[in-house]
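Consider the two complexes below, in which subunit A is the common component and subunit B and subunit C are the respective partners.
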Partner chain A sequence: MSDLQSKRTPWLLSGPALLSYALLLVVPMLMTLVLSFRSFEPMLGVQDEFVVSNYIEVFTDPYFHEIFLRTFVMSALTAFFCVLIGVPEAYILNRMRAPWKGIFLLMTLGPLLISVVVRTLGWAVIFGREGVISETIQFLGLSDGPVSLMYTQTGVLIALVHVLVPFMVLSVWASLQRLDPETERAAISLGASQFTVMRRIVLPQITPGILSGSVIVFALAATAFATPAMIGGRRLKVVATTAYDEFLHSLNWPLGASLAVVLLILNIVIITGYNRFFERKYSQVFES
Partner chain B sequence: MSYLQLSNISKHFDEYVAVDNISLSVEKGEFISLLGPSGCGKTTTLQMVAGFLNPTAGSIVLDGKNITAMKPSERGLGIVFQKYALFPHMTVLENVAFGLEMRKVGKNERLQRAREALELVHLGLFIERYPRQLSGGQQQRVALARALVINPHLLLLDEPLSNLDAKLREDMQLELHDIQRRVGTTTIMVTHDQSEALAVSDRIAVMQSGRIEQIDKPFNVYEHPKSDFVSSFLGKTNTFEGRVSHGRLQVGGQHIAVDDLKLADSSNTRFALRPEKIRFCSDAPKISGKVSNRVFLGSQWIYEVQTPLGDFLIYESNNQKHDEIQEGETVGLSWDSQDMRLIAEEPASHV
Partner chain C sequence: MMRNSPLALIFHALFSIFMVAPLVVVCLVAFTDKGYLSMPFDGASFRWFKEILERPEFIEAFWFSLELGVVSATLALALAIPAALAIGRWSFPGRGAINAFLLSPLMIPHLVLGVAFLRFFSELNINGTYLGLVLAHGLMIMPYALRLVLASTSGIDPTLEHAAQSLGASNWTTFKRITLPLLLPGIASGWVLAFITSFDELTMSVFLASPSTTTLPVRMYLHIEETIDPLVASVSAMLILMTLILMALLDKFFGLERLMVGKGH
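Our next item is the complex of A and B:
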């Protein structure tokens, strides 16, 4: 094989994937970027000129500030609760015996096979004025009228945590596989209690898994559309649903595009910053 | 009573009997090896002593206290795991100090004692490193220091040297022996490596199928194996069988004088003969055979000789003055009758 040919082969082999990647991801993103710098006239539609007014609007209007802040807080809380639920879940799953281990793992990860829309609809049924929660509370006499978690921050949060917790379990599960169970025994033999083993031996070793899991969950929560749209609706907008409304209801495509671009950039900044911070903190221990 | 006493210990896993009614007494300061092939129950026995497994039957008494049902965290034993099981997120010093921290030893004292333990295993310069920055041999030493620093009642070693390369393993064998002598901790080591067990232990318990076949000093176990299994598991051995009558052993048409062994007549007798006990000789050989293979190992030669008694393995130190023996050559073999070990005997039936 000639030198030229051997240099070309990897490119030819990865060509089809590269092409579809470029066509389906890079091009639409570039078009969104270009679109975000266009102006919009309510009567005339998108104008073919270069302006930064959309960005100025996004950065100065308190209405958008509130939406961005809400999105950030909700994503951070979702990641937080996913850690709280997903870490013990993964640990317990990992210690189960066959066949229970397999059955429960399937039960945990199975929902990933079902559409987010379906899973969120389930919550809508539970949260509604005539839903299970409302009926139960009224039956117990805790409230006079119907109670609804629909269109509330709590409702969106519960549904998001439920939808995203499998990603946390997967991520922690992966780092638990690398954990040498003998280190737990070693600590026990040295006199550590079960709680100390958990806190001093297990948790520090699965920290990379928890960190990457929380990055995944945060990113997915910040960009989630279906769940906030169905539970939060118009009354509780997040960035993704706002951008959608700008595109489809106000028909202000440039403003929607600039919202999307700002969300993307903020997400990248937050995630890389978070990664950098923890990588530096743990590099001593986990580089290999 | 002995310092550590295992009495009639058994462990069943459902139908499978991993350890079958074994008893073992260990004196204070003694170094005992549990030696056997995989699946012989040696690791299960160690885990029951450590407290990670509960015996199905029997009792374990340590220093007069019955610890059979005690939690592993309360037994106060030092354990060196096969893969060391160092805490990867802690420095070497923190690893070693962990056991003292659990014992609520003050910070200054525990760091001081951890440093001393690391000096003992010659790792005084590596205390700030993380385990992954150390070689296998160094990790092994950290694990040993971590187990010893708590002044354990017992030191348990689970195949401690099996992950090291051959050269390092020999060095560590000597060092392990030396450290254990100096510290004087009663030690139980599990191993499948006979040379390791021979090198470091005061006594060896040879195990097979969940039972102890023989327990004795290394020299005795090697020189006076009580069973076929022990003789073949510890070192190489040549076995052959024949019929004894009137002070002569008849094997495959050959007659070998064994009158100095004072054997009763028997129909079927098995003998074991160590390869290093056989020597080449030109006059009055016991048997003769043809050299089929030879290997030079530096300090010694290994020969394979086809004889009427079967294939014989012969070790000869590289210190012999006779001419070089070539493959295919016919040689005479001899040995002292006392070196033949009787391992099974059936009294002569009147045929």
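Our next item is the complex of A and C:
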């Protein structure tokens, strides 16, 4: 192979992918950005003039403040509970023996292969007025009438934690694979208690995994559509379900597009900001 | 051998119940003989499974999703394999940027992809068409395919290719007889992950689907928006059963753990 040819080869090989991305990713995203600066007349539809009113509306209307705040709080709580239950579960899984380890790892990660519609439907059935939770609470005499977690923050939160906790387990699991079990044994033989081993040996080494797991969970929760739409409904709107309604029900595409643009920018800022901050802080761990 | 304490095992049991509870409940409810959602303990039947056969919209949506997944996963792989070879086997200026660019759809919420494609396709007058859905799904699943193929390129020993060429094989023969077989596990698992991701996708497709191009998750979502009845539970139970069979097959052929690692972001 000549030099020129070998220089061109990688570009020729990645060319088809790059071209299709230019057409199918860059162009539609730019068109969405342009759309978000268009005005909208209820009778006439999208108008060809440049306005910033959609962004002004998104940033100043208390209705949107509430929606953004709700989305943020719900995602932060989802990430918190995923850390709370996903980290110990990954640690326990890692200490299991051969057949069980594989079986329970599959059971935890398997739901990722099932559509989120199906997983959320399960919670909708459990949360309903005739659902398991309602029946149990009435049976225990804690409430006289049926109880429903549908259309509540708690309901959405439980379902989101269930949908996203596999990502936390996966992320912590990956960092546990790099942990040398000898370090734990050394600490114990030197007289450290189980708690000290956890705190001083295990936790510092899996912190990068916990952090990357929580940023993944946070980002996915903040942009989730199916779960908040099915459990929260119109009563508990989040950014994603609001943009959906603007597009497909109100038909106010420019406003929906500006919501989508704001969501995208916040998502990218949070992911890259978080990664950059912690990569610097934990650079020694990442290098090893 | 380190052992889990009894407390840890109790936690693990509760966690496991939490993970399977919604799936088990959906499967149980599907067997009710009542006309509304209820547990089948005071009367079980296959009534709602038979009902699926009376509802062509679910069956059509299933076949549509299946075909869409196969076509878009194949398209994504056709673009991902050469790109993965370029990124994995050559070092050239701009390589890191290309890699980041090709993986970038992972950072874009599906809602935003849905909005962007809706705008783009309606300008081109192909909104709600089969072509539109194939292109959108192909782009969305491409990073998953790329990542798994890329991971398998790093395992190839370049001396094998040099050996083939020094024995007189052409570039194409070397690729076909040496490189491609070595990449095959990555290609196969990349295809499967891309297919599953396409088959399960709701958020982007809900913007792009039309009555003649409705995927199964979209059909189920639109049904649930109106009413949650045992019919969607029985459709879900069928999907859970199919996923279990698929998982058993995948685990036998490539090891499911590897596939799952590709699913993480």
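Criterion: the second predicted complex is superposed on the first by the 278 of 288 C-alpha atoms of A that agree within 3 Å, B and C clash if a C-alpha of one lies under 4 Å from a C-alpha of the other, contacts with A are read in each partner's own complex, and residues count from 1 in each chain.
Here, contacts are C-beta pairs under 8 Å (C-beta built on N, C-alpha and C of every residue); 3 or more make two chains touch, one makes a residue touch a chain.
The structure presented is a predicted model; accordingly, all values stated were derived computationally and were not measured.
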First, second, both or neither for A:S171, with subunit B first and subunit C second: second
Partner chain in contact with A:G122 - subunit B first, subunit C second, else both or neither: second
Which superposed partner A:A17 touches (first subunit B, second subunit C, both, neither): second
First, second, both or neither for A:V269, with subunit B first and subunit C second: neither
Which superposed partner A:I92 touches (first subunit B, second subunit C, both, neither): second
Subunit A residues touched - subunit C or subunit B, whichever exceeds: C
Complex contact set, residues of subunit A against subunit B: 180, 182-183, 185-193, 196, 200-201, 204-205, 207, 284-286, 288
Of subunit A, residues touching subunit C in the complex: 1, 6-7, 9-11, 13-14, 16-18, 20-21, 24-25, 27-29, 31-32, 35, 85, 88-89, 92-93, 95-97, 102, 104-126, 128, 130-132, 159, 162, 165, 167, 170-171, 174, 181, 184, 216, 219-220, 223, 225-226, 229-230, 240, 243-244, 247-248, 253, 256-257, 260-261, 263-264, 267-268, 271
In the complex, subunit B residues that touch subunit A: 50, 52, 72-79, 81-83, 85-89, 98-99, 102-103, 130, 132, 146, 150
Subunit A partner contacts - residues on subunit C that touch it in the complex: 1-4, 8-9, 11-12, 15-16, 18-26, 29, 36-38, 78-80, 82-83, 85-87, 89-90, 92, 95, 98, 101-102, 104-105, 107-112, 115-120, 123, 135-136, 138-139, 142, 146, 171, 196, 199-200, 202-203, 206-207, 216-217, 220-221, 224-225, 228, 232-233, 236, 239-240, 243-244, 246-247, 251, 256-257, 260-261, 263-265
